[in-house]
Amino acid sequence: MATKKFMYLNRRSSFGTVYAIESLEVVLIAAAFEQDVSLAFMDDGVYQIVEGQNTDGIGMKNFSKTFHALGDYDINKLYVSKESLEERGLSESDLMPLVYEDEDDDWAEKSSVKVVTNEELKAIMSEQDVCLSF
Amino acid sequence: MKFAIQVNEGPYQHQASDTAFQFAKAAIENGHEIMRVFFYHDGVNNASSFTLPPQDDRHVVNNWASLNIKDADGEPELVVCVAAALRRGMLDESEASKNSIEGNNLHPAFRISGLGQLIEAGIQSDRLVVFGD
Amino acid sequence: MLHTVNKSSFERNSLQSCVNIIDDTSVILFIEDGVINAANNSKSSMIADLAAAGRVFALQGDVEARGISSKLADNIKLVDYAGFVDLVVEHGTAVSWV
Amino acid sequence: MAQICGAEVDEEGFLVDLKDWNKDICIQMAKDDEVELTEEHWGVIDFLRDYFEEYQIAPAVRVLTKAIAKKMGKDKGNSKYLYSLFPYGPGKQGCRFAGLPKPTGCI
């Protein structure tokens, strides 16, 4: 099967609507298709991977924990908009430490999260074959 | 050209499924192929055979059915995501009986399947276009 | 690339986010409530340069439905649904700013 | 609705309320399937429960085999081994015994 570049564009926060969790469900399934997968977090989407989410008070599933499994699924390109973080008074240190083990580098643990500027994101997006927006 | 379409919103609440339908219709009329329409999120509600709009309103579900989007074997290529559908009470006969629920509401022009069908559509089509909120 | 925007800038920041990362060869198509961005208003400067370069389109049916045909900003190109299909064919990957 | 050790299960034998899970239920489910639980079964069941607790999802079989290989050794990290323990599949039968949600059949 041909390999295409798939980008998942996440622009909404986690719990106000269903889009974030149903996006993650697609990503987990997509992993089985061995395509080139990357996730972009822009606008309020950056809140999806902020550290310290606790859903005990709202009776909903805390699926933020599931992002930690993405490395096992060989999904390790998570691009976060620097501008979106800054607008919201956030920085990289507010994000969950999401990692993967690099098969080509003696299974060294590496960060899956990369904070990128709009200019960098522009270049990454231009390379995509399919963009799924949530 | 071979198109795939993803519809993320239910009918009547949001214009997305109307726009997606008009797009699909125009594509077919201009000689293109719609290889699959994938209904996700509240978009699964586009497949309800229980839909009864007033007579002076468009019938979104029948509109989709009228496009007659099928594969070479005659299987519907209006595909409803199973996980999203079960969450929202959209069932075909087999899901209903599997879960001991009486009645089912999936319009026969549609079929229920997994999210893999969306990824596959992205791989096999020339263009995938998303319609949503 | 073809970027579709279906939200008014008075309601959401979709257009701003799109404009922030659109590359030099891509075009924008306004659909649904996104056509409000095609009207001449206090936010029109966001797209003035792109429109002047012939890179901003609006879906005619949505423009007419919202009664803004006579109020369009400069250099907006109108397309019907067949024109929408042509834009997707011509510009490759479609990005929806939903 | 059918019950196992007082806990409700659905038509396919999955727990209706995941919080009901305990070892007795697990043992009874295995008995009904004519599977005798060994230390090796418990190794996988504990792993599945820990994984779900940590990540809020049941691992895909491919991810499960990789993780088992890492934790319990290469000879065990393959689907042949997992199917020898759970003849109806580690995803379906293993998750049912472990009190994880029913897979949504999303592929």
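To keep things simple, chains are lettered A, B, C and D as they appear, and every chain counts its residues starting from 1.
By definition in this document, contacts are C-beta pairs under 8 Å (C-beta built on N, C-alpha and C of every residue); 3 or more make two chains touch, one makes a residue touch a chain.
Just so we're clear, the structure is a prediction, and the values are computed from it rather than from any experiment.
Visitor: Smallest number of touch links from chain C to reach chain D?
Guide: 2
Visitor: Go through A-B and B-D and name the pair with more C-beta contacts between its chains.
Guide: Looking at contacts between chains, A-B has the larger number.
Visitor: Please tell me the distance, in whole Å, between the geometric centres of chain A and chain D computed from their C-alpha atoms.
Guide: 28
Visitor: Report the inter-centroid distance (CA atoms only) between chain B and chain D in whole Å.
Guide: Here the centre of chain D sits 34 Å away from the centre of chain B.
Visitor: Let me have the rounded angstrom distance from the C-alpha centre of chain B over to the C-alpha centre of chain C, please.
Guide: Inter-chain centre distance comes to 26 Å.
Visitor: Two or more other chains touching the same residue: where does that happen in chain C?
Guide: In chain C, 93-94, 96, 98 touch at least two other chains.
Visitor: Mind pulling the chain B residues that touch 2 or more other chains?
Guide: 8, 83, 114-116, 128, 130, 132-133
Visitor: Taking each residue of chain D in turn, which ones touch at least two of the other chains?
Guide: If we look for residues of chain D contacting two or more partner chains, we find 106-107.
Visitor: Chain pairs in touch?
Guide: Every pair of chains meeting the touch criterion: A-B, A-C, A-D, B-C, B-D.
Visitor: Inside the complex, what are the residues of chain D that reach chain A?
Guide: 54-57, 59-60, 62-63, 66-67, 106-107
Visitor: Spell out the part of chain B that touches chain C in their complex, as residue ranges.
Guide: Touch residues, chain B against chain C: 1, 3, 8, 15-16, 19, 22-23, 25-27, 29-30, 32, 127-133.
Visitor: For the complex, give me every residue of chain B touching chain D.
Guide: By the definition above, chain B touches chain D via 81-83, 86, 98-100, 114-116.
Visitor: Residues of chain C touching chain A in their complex?
Guide: Residue list for chain C touching chain A: 1, 13-14, 17, 20-23, 26, 93-98.
Visitor: Which of the residues in chain C end up touching chain B in this complex?
Guide: Chain C residues touching chain B: 4, 6, 31-33, 59, 61, 80-82, 84-86, 88-89, 92-94, 96, 98.
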